[in-house]
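Here the chain labels run A, B, C and D in written order, and each chain numbers its own residues starting at 1.
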Amino acid sequence: MSKKNDQPISRKKFMQELRRYERGSVTRRHFLGVTGLGVATAVMGAAVPGLLPRKSWAATDIGDRVILATWPNYHDPANFEKFTEMTGAHVQVNVFGSNEEMLAKLQAGGSGWDVFVPTNYTITTYVGEDLIEPLELSKINNFEASAFDPRFSDAGTVNGTVYAVPKNWGTTGYVVNTKHTGGKQLTTWKEFWDITKTDFTGRTMVHDYQLTTIGNALKYFGYSFNSVDPNELADAEKLLIEVKPHLYAINSDYQPPLRNGDAWMSMCWTGDGKQLNTDMPEMQYVLGKEGGEIWSDYYAVPKSAPHRDAGYALIDFLLDPAVNAKEVLAHGYPVADSRTNELLPKELLEDPILYPAQELLDALEFGAAATLTDPNRAELLARFKSA
Amino acid sequence: MRIYTLAVYLFLYIPIGIIVLFSFNAGRHASDFHGFSIKWYGTVLANPFAMEALATSLIVASTTAVLASIFGTMAALALQKVKGRIRAIYDAAIYIAIMIPGIVIGIATLIALVTAFKFLNPVLENFWPGFLGDAPHLNMGYASVIASHTMFTMALVIVIVRARISGMDRALIEASADLYATPWRTFWQVTLPQIFPAILAGFLLSFTFSFDDFIIAFFVAGTETTLPLYVFSSIRRGVTPEINAIGTMVLTVSLTLLITAQFLLRGRGSQSSTQ
Amino acid sequence: MYGSWANRLLLVPATVWLLVMLVLPLLVVIIFSFGERGTAGGYVPAFTLEQYANLSARFTAFKNTLLLAPTGTFLCLLVAYPLAYFLAVKVHPKWKTLLLVMIIVPFWTSILIRTYAWIFILGGQGLPKVLGFLGIEGVRLINTPTAVLIGIVYAYLPLMVFPVYVSLEKLDKRLLEAASDLGSSPIEAFRNVTLPLSIPGVATGCMLVFILLMGEFLIPALLGGGKVFFIGNALVDLFLQSRNWAYGSAVAATLVIIMLVTVSIYMKLVVRNQQ
Amino acid sequence: MLSADTDAVVSFRNVTKRYGDVTAAAHLDLDVTAGEFLSFLGPSGCGKTTSLRMIAGFDQPSEGEVFLEGQRVNGVPAYRRPVNMVFQHYALFPHLNIEENVAYGLKQRAPKPPSKEIEMRVGEMLELVQLSGFNKRRIWEMSGGQQQRVALARALINKPKVLLLDEPLAALDRKLRREMQIELQNLQRNVGITFVLVTHDQEEALSMSDRVCIMREGKIVQIGSPLDLYDRPINRYVADFVGKSNFFDGAIDRIDTTAVNVKLDCGLMIKANTGPDLESFESGDPVCISVRPEQVILARKEEQLPADCGVKIKARVMNRIFLGEHTEYLLRDEKLGEFLVLSPRQNERSERPFDKDEVVLAAWSRDTALVLSSE
C-alpha cells in the first residue's frame, strides 16, 4: 500500500466513499486507501516505526503464533495480516457458537487459546472457576480505561481487578427480509414469534443458544430476558415448542441461509445485522420494543495460554484506535472506545443499527451470570431442540 | 443395472463436483458463482493455518494408521493362540471399541484425560527429577488425538486381519515349515503375504478414518487443529471458496496417490509375468 | 514367535491401548454418571442416581435415534445392495478395483466439506431450484428429516457396499450356474442362492452402519438445521452447552448400554439364523 | 530306551498320540525301509494321517519314540526334519508362482544355494514332473493335475529322506488318478526316495505300494505286501478292506490237526484248512469264512468241477455283470444268502455264460477258504 494519500480527506468525501464501499462498488482496500484509515495501518506496518512509541511488544520476540477464540464475522482479516507482518506471529482464529461452548472448552482444559472473547455476563464465572488471569495492563498500553464507556467496560473488572478489556458492544435483535413482509415494518418480539407461526413458517431461524433464544421468547410475554422463574420459563417453553415446527433452523450460523434466500428472518446480533443490511438493503435489523439483550464482549487471557506474550500483543494491537476502527468497518459492531469513535465516520456513529434509539436501548438488559449457568434454562433448550 | 450403478456414482460424486466447481468461484460467498478464478488456491496455500492443519491431519492420520496396523496385526496374530476366558475378554473389548460411537469415545476420552492430567501434572511437577529439566505438562494435543484414533482403528485392524487369518489355509503354514522355513521365516514369507491385503485394507481404513474424523478430534485435540477442525471453524466464519479449494486439493492429492499406486502395482504385476 | 511369552509380548501394545484409551475412559464415564454437576458446570464427585432418574428428559432424543438408526441402515442397504451385486457379479475384474476405490475416494475429502456441499444442493439455490425450473415448485429439502436421511445414505454407503460386496464376491458363480441348470429363473436363483449367501455381508454392513448411526450427530446438526435432534446432539449439547458432565455421562453410558444390548440381540439372531 | 532298526528310514517305537481325551494313535510300531513305498490305508479317523504328521513333525508323539534314519526326532520341529510332504490339497503358496513355489525349500536352506543352482534344479524338477516352461505361471492358472505335479516337484527338489503324501490324489478325477498312480510309482523308482502315502483308497494303496500298513482305530492291524494282505489277511477287517470277499459267519465246531470245521450260522458245516493262526482258535469261537469271488468256480454239471473242491453249493444266478476279462455273478443260495463270484472269461469260452435265474453249482477248494476271526 502506498502513502500517496496521506492527506486527510474531507468529511463529505469520506461519506461518499463510505456509501460506495457499503454498496460494494469499491473494495475495502480502495476505501481504506482513500479515506486514510488504511494509511494508519500502513504506517504501523513498520514503515515508520518511530510513530508507534507505545508498541511495547515490538521489542520482544513473541513467537510465531497466537491463537484467538472468538465469534463468527467479528474481525477484519486484513488486520490479522498486518499483525503478522509486524510481529511475525500468525493469528489462528477459532470461532465459536456460544459462550457456553467457550466455557466448556476452557473448563475441559487444554484449549490452547491465548486470547478469547467472553461476553460480559460470563466473566465472573471464569474468574470463579479460576480460568482467566488478571490482565497485566502494562502490556496493553492501548487500553486507556478512561476512554471507555463504563457501561461496556465494567464487567471486565471483578472485585477491583481487571480481567478483561472491552472489545465491542451490541444488541441482540432480529433481522427480517422485508421483501416478504409486504413492506410492513416489524417492531416487536411478539411479531417475530407470531409471524413465524403464520406467514414466515419454515423461514425463521433462532440461535442455538439458550440465553438469547429463551430470553427473546420470554420477551413475548414481557418477562425479563434473564428470568429463571420456573413459571415464566414454562410459558417460554410452551411458545418455543409451539413455534418449533415453523422454524427453518436452530442455528447461530444464520448469515448463509439469509443471504441465499432460504431463510427470511433470524435472531441476529448488531454486526451481522449491519453486514447483511449493507449487502442487502431489504434486510431490516429490528430491536423488539419489549426489550431484549444488550451486551458487551471483552478480550481476556486464559490461565492456560501457551503464547501469553503474543496474546497480550494481539490484544494491544486490536485495541489500537486505528486498528479498532478498521475492525468496526469490517464487522459493524459499535465500540465503547471514544478514541476509536473519533476515527469513525459520523454516518456510522449515527447508524440506527449500531446505535439504536434511546428508548429502544433503555428497554434492553445485560445478560446475567446466573442466566448463563442456570441448569433449568439449559434443560429447557434441550427439550425445545428435541421436541 | 448399469444405469443404476451410474446413478449411485453420480450421487457419490455430484457433491464432490460442486466442491470442485465452487473452489474456482471468483466470488466471496460459496453459495453463488461469480466467475472463474483460482485465487482461492493461492489464499489457501498462503494460509499458514490451513497448511498447518493439513500437516497436522497428515501426521495424525499416518501415525494412527501405522500404529493401528502394526499393533492390530500383532494382536490379531497373538489372539489366535489365546483361548478361553481371556480370549472372551479381548473379544469383548475389541467389539466394544468398534461399537462405541465416536462421540462417546471423544467425550469419555476428554473427561478421562482431563481428570487424569489434573491428577498427574502436580505429581509430575513434584517428583520430576530436576536434572531432566522442567517437568512435562501433560495436555491434550497430537498424542491424545492419535491415541484415541489408534484405539478405535486398531480394533478395526484386529477384526479385519483376524478374519483373513481364519480364512487362510493352515496347510500353507505347515507346508512352509515342511520346506525348512523356521517359524520366523514362515511368518515373513507365507503368513504376512497372505494377510497383507487385510493389513493394507486396515491401514487405508485407519488412515481414512483418522484423516476424516471430526468428532473425536473436536473433543480431544487441544491446541492442535486438524483439517476437519479447521474446516469446521472456517465454515462458522462464513463458507468461503477457500474451504472448497482445500477439499479439492485433498481430493486431488488422494487421487494422484491412488492412481500412482495402481500404476505401480500393475507395473509390478506385468513385470513378474513377463520375466 | 510361537512361544507363549512372545505371544504375550505381541499383545502388550493392544492391551495397553485398550486399557488406557477404552476401559479407563468408560470407567470414568460410569463414575461421573453417578456424580453431580458443579454450579458453573463440570463434575462434582458424589454418589447419586439422580442423573439416571432424569434420563426421561432425553426420551425424545433416544426415541429419534432408535428410529433413525434402523431407517438409515435400511435405506443404505437398499441403495448399496444392487451396487455391490453389480460390482461383484457383473463387472469385469479389470474394472473392479477402480470402481471399488471410487466408492471410497469421496471419503478422502472431509465429511464436513461434503456435507456442506449437500447443504448447498438441498438448499433453496440447489435441487429445489432445479425442480422449480422443471415446474415442481415449493420443494423444501434442507433442514428436514429427508435431508438428514440423504446425508446419512451418502455418508454411510461405502460401509454397506463393502461387506456386501465381499460376501457376494466370495460366492461361487458355479452355484448360480447350478441353480439355473436346475431350472431356476435368474430371479429364483438370486432369491435361493445369492441372497442367502450374502446374508453375512448384509449383516455385517447393517451392523456397522447401525452402530455408527446410533452416535451420529454431525449430519443431523448440519442437514437437519438443529431441529432434528438425536442422542449424539444431546450429548454434544450436554458437554458443550450446559456442561453437565454428570448427566452427560449418564446419557452416554445409557447409549452404550442400549447399543450393546441391541447389537448382542442382533448378533444372536443373525448367528442363529446362519446355523 | 528303544532303538531303531538300522536299515529303517522311519521307525515308530510304541508311539501313542493323544489329543486331549482322544487317542488318535496307540502303541504303533513300524519300520519303513529305505527306498520302499509304504502306504497307510484305513478309513478316516483311523490314525493314518496322525502317523504321517508325526513323521513330518507337525505333531509330536505323546508317548513312544519316532526315529528318522536312526536319529530320535521327538520334539524336532518340522522345519528341521529332512522329510517333505505333498499335502492333500497341495497347499501351494498362492502368492508365489510355480518356480517360486518349487524353489521355496531350497531357499530356506542355510547356506542358501547360489541362485544359478536353484534355477537349474527348479528347471530339472519341472522337467521331471513334465511342467517345463510353466515357471512363471500362477497357481490358479494350473489344472488340478498340474498343481499336483507342482506339489510333488516342490517336495522332491529337496531330496528328502522320506516323501510323505497325504491323500495326494483325492482331489483328482478317476482317470487322472489312475495316470498319476502310475506316474507316482515310476517317479518313486526313478528318484529312489522312500515314499510314505496316506490313503483311504485300497486300489491306490495296493497298486502303488511295496507294503501297505492297514490301520483301524489308531492301531496297526496288519503290515505286508499287497499280495500278503490279499491272500493272508489276519482278520475279517483286512480281508474286507483289501479286495472283495464273501464272508460267511459261523463258529468253530471242531479243530483237527489239518483242518477246521466251521458251523455256519445257517446250519451248514464247512471245512477249511487255512487261516493265519488256526492254533489260536478254540471250539465255539465266533469266526467267519472268507472266500474271494475269483476263487469260486461255477459249473453246470458236477463233473466239470475240479476234484479237490471241498464245498459245493447249488445257487441261483441273481445278476450278471460283464466286466471284459471277467464276469461278475451275484448268486443266491437259500442258506448262505447272496455271494459274489468272479468268473474268468476263458472259463466261459468252453461253454456259454450262465443265465440269470439259472441254477448252477458253485464250489471252492478248502485251501482257498480262510477262517478269520470275525473282528
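Basically, a residue touches a chain if its C-beta (ideal position, glycine included) is under 8 Å from a C-beta of that chain, and two chains touch if they have at least 3 such contacts.
Remember, it's a predicted structure, so these values are computed and weren't measured experimentally.
For the criterion of most C-beta pairs in contact, the winning chain pair is B-C. Comparing mean CA positions across the assembly, the chain most remote from chain C is D. Averaged Cα coordinates give chain C a centre that lies 58 Å from the centre of chain D.
Centre-to-centre spacing of chain B and chain D amounts to 58 Å, using the average Cα coordinate of each chain. A separation of 38 Å divides the Cα centre of chain A from that of chain C. With centres taken as mean Cα positions, chain B sits 37 Å from chain A.
Across the assembly, chain C contributes 123, 125, 239 as residues in contact with two or more other chains. Among the residues of chain B, those touching two or more other chains are numbered 30-32, 110-111, 183, 219, 235, 239. Under the contact definition stated at the top, the residues of chain A that touch 2 or more other chains are 260. Of all possible chain pairs, the ones that touch are A-B, A-C, B-C, B-D.
Chain contact summary for the complex, chain B toward chain C: residues 1-2, 4-5, 8-9, 11-16, 18-19, 22, 30-32, 67, 70-72, 74-75, 77-79, 81-82, 90, 93-105, 107-113, 115-116, 147-148, 150-151, 154-155, 158, 183-184, 187, 204, 208, 211-212, 214-215, 219, 227-228, 231-232, 235, 239, 243-244, 246-248, 250-251, 254-255, 258, 262. Per the touch definition, chain D reaches chain B in the complex via residues 56-58, 77-80, 83-85, 87-89, 91-95, 97, 104-105, 108-109, 136, 154-155, 158. Across the complex, chain B is touched by residues 1-2, 4, 7-8, 10-11, 13-15, 17-18, 20-29, 32, 43, 79, 82-83, 86-87, 90, 97-98, 101-114, 116-118, 120-121, 123, 125, 154, 157, 211-212, 214-218, 232, 235-236, 239, 245, 248-249, 252, 255-256, 259-260, 263 of chain C.
Partner chain B is touched in their complex by these residues of chain A: 67, 72-73, 90, 92-97, 108-112, 253, 255-256, 259-260, 306. Of all residues in chain B, those touching chain A in their complex are 29-32, 48-49, 110-111, 114, 117-118, 139-141, 219, 222-225, 233-239.
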